[in-house]
Amino acid sequence: KTDEPGGAQTPGRQTGPVKIGISLPLTGDFSEPGKGIQEGYQVWADQVNAKGGLLGRKVELIFRDDASDPNRVSSDYESLITQDKVNLVFGPFSSRLVIPAAKVAESYNMLFVEPAGAAKEVFEQGFKRLFYAAPAIAGDHYNYLAEYILKLPADQKPKTAAYASLDDPFAQGTAYGLRDKLAAAGIKTVVDEVYPPETTDFAPIAAKIAAAKPDIVVGGTQFEDSVGLVRALQELKVQPKLAAFSTGPTLAEFPAAVKGAAEHILSPVGWSATATFTGNQDMVKRYKEMFGGQANEDAANGYTVGQIVEAAVNAVKCVDPTPECQDKLANHIRQGTFDTVVGPLSFDDQGRPEQAHMIQQYVNGKVEIVLPENAKTAGIVYPKKEW
Amino acid sequence: MTSLRTEGLSKSFGGVLAVDGATVELLEGKINGLIGPNGSGKTTFFNLITGMIKPDAGRVLYRDRDITRHSPHRIAHAGIGRTFQLCRVFPRLTVLENMLVAVRRTRLRELLAGLRDKGEVERARHWLRRMGIEHLEDAEARDLSYGQQKLLELAAALMAEPELVLLDEPAGGVNPALIDRIVSLVRDLNAEGRTFLVVEHNMDMVMGMCDHVIVFDRGAPIAAGPPSVIRDDPRVLEAYLGV
Amino acid sequence: MRIASRGLPLLVAALAIAYPFLVPNYYLVYAGALTVMYAAMATSWNLLGGFTGYVSLGHSAFFGLGAYGTGLLVVRAGVPWVVALLASALLVTVFAVVVGIAAVRVRGASFVIVSIALVSMMNLVVQGWRSLTGGSTGLQVPSPFPGLHRGQTHMVFFYLFLALLAIALASWWYVSRSRFGAGLRAIREDEDKAESLGVPTAAYKVTAFALSALFVALAGGLYAVWFGSLDPIFVFSILIGSYMVLMSLLGGVRHLFGPLLGALIVAPAGEYFLIALGETQIHLTATGLVLVLVVLFMPDGILARFTRRRAGPSIPDETAEQRLQGVTP
Amino acid sequence: MSLLLQGLALGVLTGGLYALLASGLSLYFGVMRVVMVAHPAFLFLAAYLTYTVHTAFGLDPFLALPVTVPLFFALGVAVQRLLIARLAPENLAMMSVLLTFGIALTIEGLLGTFYTGSYKSVSMEYATRSLTIGGVHLPYDKIIAFWVAAITLVVLFAVLVKSRFGQSLRATIQHREAARLVGIQTERVAGYGFGVGLATAAVGGTVLALITPFFPASHWVWIGKLMAIIVVGGLGSVIGAALAAVLLGVVEGLVLVTVDATWATMMFYVFLFLALLVRPQGFFGGRLAHRF
Amino acid sequence: MNTVLSLEDVEAGYGRAALVLRGLSVTVRAGEVVCLVGPNGAGKSTALKVASGLLTPRSGRVVLAGQDVTGLSPQRLLGLGLAHVLQGHSVFREMTVAENVRLGGFTVRDQARLNARIETVKELFPVVAERWGSMAGLLSGGQQKQVEFARALMLEPKVVLLDEPSMGLDPRNTQVVFDQIDLMRRTGVAVLLVEQNARRALEMADVGCVLDLGRVHISGPARELAADPRLGKLYLGGAPAN
């Protein structure tokens, strides 16, 4: 077979475009973030090509739609690597899809930098060429918030906390990261609810939370459920001092979907449109030109993958799909620190990033970065105003 | 000698007492007739005997074995075969396949044996020949005319080698010429030792063919005896013949 | 004609066996293995659907259980994969018997609904039972052949699935010509009537249900060790179940090779739609429309078109005089 | 205790909504023997249309009803006349599942193409407030949903049982030739029947849009639940389905507040299987079910 | 007497299948009962379906009261005064007896007339009155047949097509049915009757037609046919066996 591992690569392939294979959930459950990441990749490719390409060769992105199905994601990478013979692969979206995809890449010895597999399990599979191109893994998303809460003076410090989380490795990971830290510091967990993705009615969950009267409410959520939860909490008149939800509030549709209720909701965010990290403003601008509208975190994560791989390729001066070249790239990434639109990134041995997410809050209807101190655009409001 | 006996068999649907404490005896080796006005519970009685519906009270004894509440296929295995008032065949199976469905015993070996087992096919053809429809063996049952379907239904019931055969209006909707044929068939089969219970509204047929006639009214027998006696029984005349 | 009908399957079989060596790259081996897997599942589905007319949209429940059973036995109990595969298939079969006793009590539409419910339920159980199954994180099953590289693993599984397909086809063929099969067909046509002829319909239906589940579970188990990552949402997906139905229906549920033919068409076509129309969700629409068209215009499947065409009643005409002879005894 | 009361109250309100969503399904089956897997897809189609009307003209979602209800009625007539009517009657129940499954995929694909895969929601100010009675909070959106459902069901029931149309519809389904012979225009009637079913989807979709965000694949979640409801209620019985819907809504609500969401969803299927074991024709159902 | 209904040289069949009717011609005059007899599958029911518009013939004409009605829908023909009682069981199973009977007068707008008819059929068939509120599908075979006949009596048509109306009925009810047919004849209704109870039917009919293989084999005055020995053997069954 022509794709026998270690089989001779045709010498002629050293010229022509650098093909990068990517499978993304362009349809199905994860299609929204999938689309965002695709745009991030496209912005990156556009800018690289404008600069003359990778090692002087044009970059060509080959996208496949995996319909959010892990079965498809494997086939896609399988075919991208063996049929299309791409030079590089970039990761898909969601921890659920990253693991099967990384398995394929790993078995063909391909470098696998991914924008969206944050769950801790991703890094426990023994992948040697996988890197997560965002500031922190799921469990660490709320680190700054945990620090902040624990430093509050005793009379303001919350005593009880309620957690509600979507049954999804990423969403759950974020909430549980915070829960574990707060619980260790003595803040009592009064509700700890996990709901399946099919859930459409959040009122009873909110009723449970209402009955426990917690000081803070934390949601490990994605979009739909964050909206549902916020609405239900509001309807059932739950008035916590602090409310934090992952993912949902970072999307542009959120404030409209919950009407006035967005005010003072906190959320971990890995990227900010206003940050001045390397290339960030260029990216935001280019994105606006290409797609109209504001770039989001997903796009930024996609872009980040591109930045890291670009830096590595330029450093080791090869983009072949051969194990040797891919290993060189992986080793480079493992050892270096990379300037990206989400800040400087470095990775541990399993490919985990070692930085932390910022915390955003809706203040007077606007998204502000409130934590950490050195990045904040506004002061955190605590306790939050009533719904 | 009795072939089948029911004791106080009852069944009601909602408010309707369809069969009401029916105690009936069928004579072994004879052609028993069952007549009664529309809605007197004849079909329900059949369904109770064959286990298609479960009685509210009472027992069914076949050759002195209690078969009440047995499932229909067990009752079929015990040797009771039946046909339906509205003729029922398997429409999209061929005539021969229709025949081969019948099972008398469920031994695994037999079940897994090839469908076209020579002996079985021969037996099936034998019955088809007796019904005079052997030339149709490869036709799909839904293409048969109504009368032919009636014959097929009877043949399939006989394929399971029942000792007691229950026929629900075998002549209903059948061409008179064919009725003659069915009558003579039933006679022949009876002569071979099979017991029959025939529900029919065709009086000529019942009186001419049956050895013993039971009359139902409102879910229970009101008279039983040889046709000559039944024919003149005033209760029967009133309840049934309506004259 | 006879030679053609005998020869064609042989030729196809030979081609199938040679397939992995004929294609230029491992992706095609992979895609081939996937297609054969679907063919095996569709054929197993047809053991129930084709004979009894009970349409199950929920066979992916057995696929998923087979997969998770095998995966869990390998990962949690450290059982060798072959043993795990067989043990889990057996467990699933037992489970299918239990479920079947409840499920086949209802006919037609209710049964379809029950089968849909079964998948949703299994999905909830597996997803909710995090401590055992890993829940939504999924379950990672180590490759049974660590020595082989990925492409070679695909080859091995291609043949394993091919073997499973062969067994499923053989079972269908055997049942179709047994009296058991005749009983099942009778159930499709008229259950009460079959019962009155002595067919123990409940037992037959449960047996067919379980048999069909067994093969699907085997396919699921193989999938687990081959694919290596299991995710409850996707193994317990109605879509997988409906693919089995679509394939069988397209090829023809009354024919031994119907589901196989359906799989050979649907699997590559699905791939094509996804690649050609993948940028938007319009490929879903394309799949949906194909399904609609098949149901409307080819409800008996492609093979039905090529085999005996029903022009009219299959009864020879007879004259009144012939009839007279038939009538007089 | 108050938590239980709260759960109960929410359950009843949600049950009302379920009753509305399931009524169409019951109708198709009860009068047409069609298992309409695409019903939830149509619900979300209606939700999207409502969304469009709401965002484009800033109208209250309920003001979209005069548009969506007739539109869906027409759509229903078309679906029945052009597609369902072509199915062979022998295995209508089965084939209709597959046919409507295909329709569901088609709709999902179209929604995804036109509206993208992202979540949409329609939120009204009144939908986030609630009424408090004795410590129990009753969200207005749920109250509205409940009443809309109740009214729709009463209308539906009146149409089916009392009206001439309802009678001809049922007659058509039960014996088409005989219906034609008593003078019923069977084709037209069957089409209208389907139209009425889809019209309920228009109402249901509007209500749904008001209370939950949605995206093209949302309908999958509802198929299992709604199907469970109509089986528990006795396939084809509109009243049975309504009762079952409220029962399951309450059970779900109570289990949600006492156990967890996974078990709450599981309850639908537990009841489904219970129904099958205890009464295969459904808890509330008529004699009809056993014949299919 | 004037011809009310006639089938002229009708050829008809189902789908793409072979022809069932092969050049059938039948004429029914007002106040006359024409009885079709013939073996099972001869095409008797098919002939009635063609006459009532349920089946469109491939060739030939259907003429109703001088008007060519070939291919018109049953609803239209009903409007022109033609009623058809189907063979077998055609009650609306999941509707009550009451609804069934009322539906028989679906096209009748005049409530008073409808109610009067209802009283009449209730008298004729006591079971209809007795089981007025029951689900029709749950009645016994013969009871359903009575409901069907009652349903057909709701209209006062000019032509009635009856397809084995006595099938499954007990002697008393058979008598009622035949009496009704006689009554129709006397009120000038044209009746096209299909019966397997052939001797009895021919006894009361005016004209008999023996149908076989989709054609009229022999026709003539009913009583003469009944007496024809050859026909007896072939179509009417031997004398009561004993």
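The chains carry the letters A, B, C, D and E, assigned in the order they are written, with residues numbered from 1 in each.
Definition applied: contacts are C-beta pairs under 8 Å (C-beta built on N, C-alpha and C of every residue); 3 or more make two chains touch, one makes a residue touch a chain.
Computed from a predicted model, the values in this text were never measured in an experiment.
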Both-way neighbours, i.e. chains that touch subunit D and touch subunit B: C, E
Which of A-C and C-D has more C-beta contact pairs: C-D
Farthest chain (mean CA position) relative to subunit B: A
Subunit A and subunit D, separation of their C-alpha mean positions in angstrom: 37
Euclidean distance of C-alpha centroids - subunit D vs subunit E, Å: 43
Whole-Å separation of chain centres (CA-atom averages), subunit A against subunit B: 74
Intercentroid distance (Cα basis), subunit E paired with subunit A, Å: 76
Two or more partner chains touched - positions in subunit A: 26-27, 31, 167, 196, 198
Sites on subunit E at which at least two other chains make contact: 39, 138, 233-234
Subunit D, residues touching no fewer than two other chains: 112, 117, 262, 265
Interface residues, subunit E side, partner subunit D - complex: 52, 54, 73-75, 78-79, 83-84, 86, 90-95, 99, 102-104, 106-107, 135, 138, 151
Sites on subunit C touched by subunit B in the complex: 174, 177-183, 185-186, 189-190, 192-203, 313-316, 326-327, 329
Subunit E-facing residues of subunit B, complex: 13, 16, 36-44, 85-86, 144-148, 169, 172-180, 183-184, 201-205, 207-209, 240-242
Contacting residues of subunit A [partner subunit C, same complex]: 1-5, 26-27, 31, 63-65, 67, 69-72, 74-75, 78-79, 81-83, 95-96, 99-100, 103-104, 107-108, 119, 121, 125, 167-169, 172, 196-198
In the complex with subunit A, residue positions of subunit D that touch it: 2-3, 6-7, 10-11, 14, 112, 116-121, 123, 125, 127-130, 132, 137, 139-142, 212-215, 217-218, 221-222, 252-253, 256-257, 260-262, 264-265
